[in-house]
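One chain, chain A, appears in both complexes that follow, with chain B as partner in the first and chain C in the second.
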Partner chain A sequence: MTTTAFKEPVREASPGTPAREPRRRAGRLRRASLPYLLLLPALLLELLVHLVPMAIGIVMSFKELTQFYIRDWGTAPWPGLGNYKMSVDFDAPVGKALLHSFLAPVGFTLLSVALCWLIGTAAAIFMQDTFRGRGLLRALFLVPYALPVYAAVITWVFMFQHDNGLVNHVLHDQLHLTRKPSFWLIGDNSFYALLIVSVWKGWPFAFLIVTAGLQNIPKELYEAAALDGAGMRQQIRRITLPSLRPVNQVLVLVLFLWTFNDFNTPYVLFGKSAPEAADLISVHIYQASFVTWNFGTGSAMSVLLLLILLVVTGAYLLFTSRGRRAADV
Partner chain B sequence: MRSIRAAATGAVTLSLVLAATACGGGSSGGGGSDDSPKTLTYWASNQGASAAVDKQVLQPETGAAGKDTAAIPLYSMAYALYYNKKVFADAGISKPPATWDELVADGKKIEAGGKSPLGAEGSNLAENIHHVFVFAEQHGAGFFTTDGKPDFTGPKVVEAVRSYVDLMAKDKTIPAGDAEYAQNQSVSDFVKGKQAMLLWQSAGANLTSQGMSADAYGIAPVPVISGKPGPGTQVDSAVMGINMAVFKNTHNLDGATQFVKFMTSDAEQKILNKAYSSIPPVTSAQSDPAFGTPATAVLKNTLAASAAALPQVASESQFETTVGTAVKNLFADAAAGRAVTTDSVRAELQKAQQQMPAA
Partner chain C sequence: MLIPVYLMVSSSLKPLADVTGTFRWLPSGLTIRPYIDIWSTVPLARYFLNSVIVAGAATVLSVVIAVFAAYAVSRYDFRGRRVFTVTVLSTQMFPGILFLLPLFLIYVNIGNATGIALFGSRGGLILTYLTFSLPFSVWMLIGHFASVPRDLDEAALVDGCGPLGALLRIVVPAAIPGIVAVAVYAFMTAWGEVLFASVMTNDTTRTLAVGLQGYSTLYDVYWNQIMAASLVVSVPVVAGFLLLQRYLVAGLTAGAVK
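Here is the complex of A and B:
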């Protein structure tokens, strides 16, 4: 908001004119409050959509809110930190499962984000030069991002099917790469299935953002570099990547958060109970809340997830921003 | 399908208001009348093979022991064996299998003809539970102790779960591909004639909607070890169905009561249960000829004489998730060609039990 625009006409009332003071003060108040007034609808909606549910979720995480108390939340017992104790007691099976579902997705997320970023950036750089059909290709690249998640992922489920899926048909029936048709939706291969779908779904976003970022790099830099004898590779390393740094900083963070939190993809791929190799945290939270009807434990896990992501985000921003400030100096 | 969960939920959360208001009479004459709407009618109350069966079948509908009715049934369903008549004839099988040994033997003949014998939804937790529950009953085993504590690793339970998974792992009666089924693919395999048999609950309407004509398939009770379904170890189905209840704190108690009355009226019961090929729990609605077919007779007999209620414990939903997942994992092992042994079954069930809340 451009609050500075309103600052300028507001002057300190001089002590010599006490009679006009109240009117001026009212005017000042009015001007000063205008931006807040304009912000109010957004603030209210933000409260309604984000903050209130979050606060309720945090309250729920301290209650033993099982199916037996849904009719009247007030009567649910108040075990205090009980839900958290159960969630973080890594020796007990529930906690162990949760720990596993924190660690397993970390590997998956890092891999997925790295691939999304790599493919997206490479594609964006290749699409930088004009050539015939560039617009068409760009549009085509964005299709996975534009498709509704459910429709896209259920199509992948069909392709990954054991008996009549496209993947096995190509790998086994046509290319004879595997000895027998593989299972992709159960067992260990499910990790690859999840990774493939996640990258397929995620890289167009990286492509889009990096494409936008590339528009801001002045052409003169490349021309100067070319005059100095820098090749394509050096131009990318010395000009493109450093100029994209602020863009990448946000991009990687957003990709990380989205991938780590992703619920739709594993749920549509694997249903209510994901195979161990592809067991993401959000499915656990769903399971606790909506399959076994213990909203208290589910909320406690959500709050823990929130805290961990907050810490990771904070540390990431601190680390990357400090690095940049040092580089700028 | 969620009858037990609904009942368990209901037992604690729901009010007693319905007890006095719902549908027609429950006299033992079988006809029943609407003149004395003081008691709930359950078809089982008239048709159960014995008082013991009545009690067993009624229990899930009447809430926790010693408490008033918590929810009332709208449709009743049971598992049955659906078989493709043509595939059976082609394989030279004259009658549906009544025991698991017969089923496996028939499966070999069917497989020789290039069809898959039996379908399953290996990745569907609820389906897995319904089947291993029945297998456990047939082995005389329970997943919970009498005081409601989970007991998944007893030798009989392990044996029961193993015999179900062995239908894929050892006997190959269930094809390996079914391990990843969770969206009723086995039903469509059956409709397409790729697969000879299906163990499903009240599947008639489902099969019709997918384009299978009623004379293309036969229906028989789910196999039991002895060949003759009954109570105890001859149980061949869980009690299935959908219940209805009213929250105590509803703002429109009158409206809700009226609605329940409407849903349990004879006319509406006939419409509902025809649509779902289920059995009307309201006795007087059963007089409709639509519920007198041989297919309905199988389901009725099963519910009356050889169905058992899923465990009536507070942690029933966790049980469905954990044990359902264990069976899913075992199917995944079998499909991948890994051995399914007593030890591996026990290990999976052990893991499931550890994930149960401390009762």
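Here is the complex of A and C:
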């Protein structure tokens, strides 16, 4: 949904950058400064909230910044790469926890993204043809996405309660599937709890984007395919899925980043300290920073996360774009 | 899929005994007690007001600023345009936790140096949230503005409109679906954010995202009240979203998936 959106105008205008093509119009100064004036508020905010904090974060990651120095953080000692050593030293408990909090979320994220995409795409294709009540059904599908995260997740917390929750009532009291009521929000089960909530919350977004993408596929393609005797399954495989490729490229990336970086869901689901099986990276950094008050280590972890995300995203875009170009030829 | 929604509605009408004992699908008796009690157990009205102010202001400002920025990018050639778009977009992919710490320090230091209280205030939260939705908004609107023919605003310029006049009278009305989609997104982002709200607010500026956790006390968890409160805070967003979702699909189709 995203990269394509800004590529178009940029590509179209880049041959005429002012450096190569001198401006001819009069009133040049005012004209030339106008776009910058229009951009100014956005630019200032981006600097204040995104870019400067990022730079400070990198500086902080080299400092020994605990609560003793937080008032006057400029004077905190410089352990140099110490924070990184502590984060990356896999034998030490901190590093091991970080390594774990990378592997667990990667598995979790891949599963969640795959399920979200699958359910969302299937639902979107199924809802493609008009039928009675389609609008209502679509609205119902979107409700989980529209609910504020905390309200939705807190409902799931209630459902996952050990003694008075719906999940245990159904699984144990009514279906007798488990020998005794399970704990969902602590221990290994918390992984599934997080996965269920994450997919429940995420697939409507995939549904929304794929629905929008499907509307751009010309009807004639299907008609031609039907004339040639292609069945429903073949139409989906030969027309729908290839046409959705550019949409999917961005959709999967966005889903991945959102799920991997998600803080809200695990935080509301588990509170300040997540169980080990569902210890996502954002919560982990949050704990290092605001629960144990070790800002230096927290920043070092953030910077590492940033680097990894950059590499992963770059590799993904490179890989999928190349595959796409090869497929076009 | 809608079981949680059913649970929210049904539990909010149950007496407390129903939600503390073994789970039951149907309430033993209906009561609207929880809907009365939610306002006194925690200062829900204040949280609600805070959320409305913060999310409302963040949405309006974000849309206005994004419209200007997207207009500049879609209509002018200028040095640094590519750098601007790429930088703004790449900030979208990084997790909030990355900015939380430094931003916290910046706000505290700005407060100490100038006396402008950003930390703990609604203003600071508004600034933060509006910037969060800015990249996506700029992105979407660039796509929408690019699909408005340039001849239209050039004609307006010839007729004596300034560039701003052309933007407000020609381009903005033609891109309404995109603007609505962006506004919905910005509002939902601000209304649902938990991380920054949990660190950057105090008792008077607390928003719903954090306030809703106040129903579990040391001794009792008032699940019926939590569900009632969840429902109350969800209704405005869900209703708005469902009313505008037609625009949202149209907006995504025209602006982004093109």
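Just so it is clear, the second predicted complex is superposed on the first by the 298 of 329 C-alpha atoms of A that agree within 3 Å, B and C clash if a C-alpha of one lies under 4 Å from a C-alpha of the other, contacts with A are read in each partner's own complex, and residues count from 1 in each chain.
The working rule: a residue touches a chain if its C-beta (ideal position, glycine included) is under 8 Å from a C-beta of that chain, and two chains touch if they have at least 3 such contacts.
Keep in mind that what you see is a predicted model, and the values were worked out from it rather than measured.
Engineer: Using the superposition on chain A described above, determine whether A:156 touches chain B (first), chain C (second), both, or neither.
Structural biologist: second
Engineer: For A:275, using the defined touch cut-off, is the partner it touches chain B, chain C, both, or neither? Pick first, second, both or neither.
Structural biologist: first
Engineer: By residue count, is chain A touched more by chain B or by chain C?
Structural biologist: C
Engineer: A:173 contacts which: chain B (first), chain C (second), both, neither?
Structural biologist: second
Engineer: Touch test for A:319: chain B only (first), chain C only (second), both, or neither?
Structural biologist: neither
Engineer: Touch test for A:186: chain B only (first), chain C only (second), both, or neither?
Structural biologist: It touches chain B, and chain C stays clear.
Engineer: According to the stated criteria, A:126 is in contact with first (chain B), second (chain C), both, or neither; which is it?
Structural biologist: neither
Engineer: Which partner does A:292 contact after superposing on A: first (chain B), second (chain C), both, neither?
Structural biologist: First partner only.
Engineer: Using the superposition on chain A as set up above, list the residues of chain A that contact both chain B and chain C.
Structural biologist: Common to the two interfaces on chain A: residues 70, 163.
Engineer: Can you list the residues on chain B that touch chain A in the complex?
Structural biologist: Residues of chain B touching chain A: 5, 8-9, 12-14, 122-125, 176-177, 179-180, 182, 247-249, 314, 317-318, 320-321, 324-325, 328-329, 331-333, 335-336, 351, 354-355, 357.
Engineer: For a test of understanding, state which residues of chain C touch chain A in their complex under the given definition.
Structural biologist: 1-5, 7-8, 11, 19-24, 65-66, 68-69, 71-79, 81-82, 84-85, 87-89, 91-103, 105-106, 127-128, 130-132, 134, 136, 138-140, 142-143, 146, 163, 188, 191-195, 198-199, 208-209, 212-213, 223, 226-227, 230-231, 233-234, 237-238, 241-242, 245, 248-249, 252-253, 255-258
Engineer: In their shared complex, at which residues does chain A touch chain C?
Structural biologist: On the chain A side, the touching residues are 1-6, 8-10, 12-14, 16-19, 32, 34-36, 38-39, 41-43, 45-46, 48-54, 56-57, 60, 70, 73, 138-152, 154-156, 158-159, 163-166, 168-169, 173, 200, 208-209, 211-213, 215-216, 246-247, 257, 260-261, 263-264, 267-268, 281-282, 285-286, 289-290, 295, 298-299, 302, 305-306, 309, 313.
Engineer: Name, in rising order, each residue of chain A that touches chain B in their complex.
Structural biologist: That would be residues 67-72, 92-94, 97, 161-163, 183, 185-187, 270-273, 275-276, 287, 291-294 of chain A.
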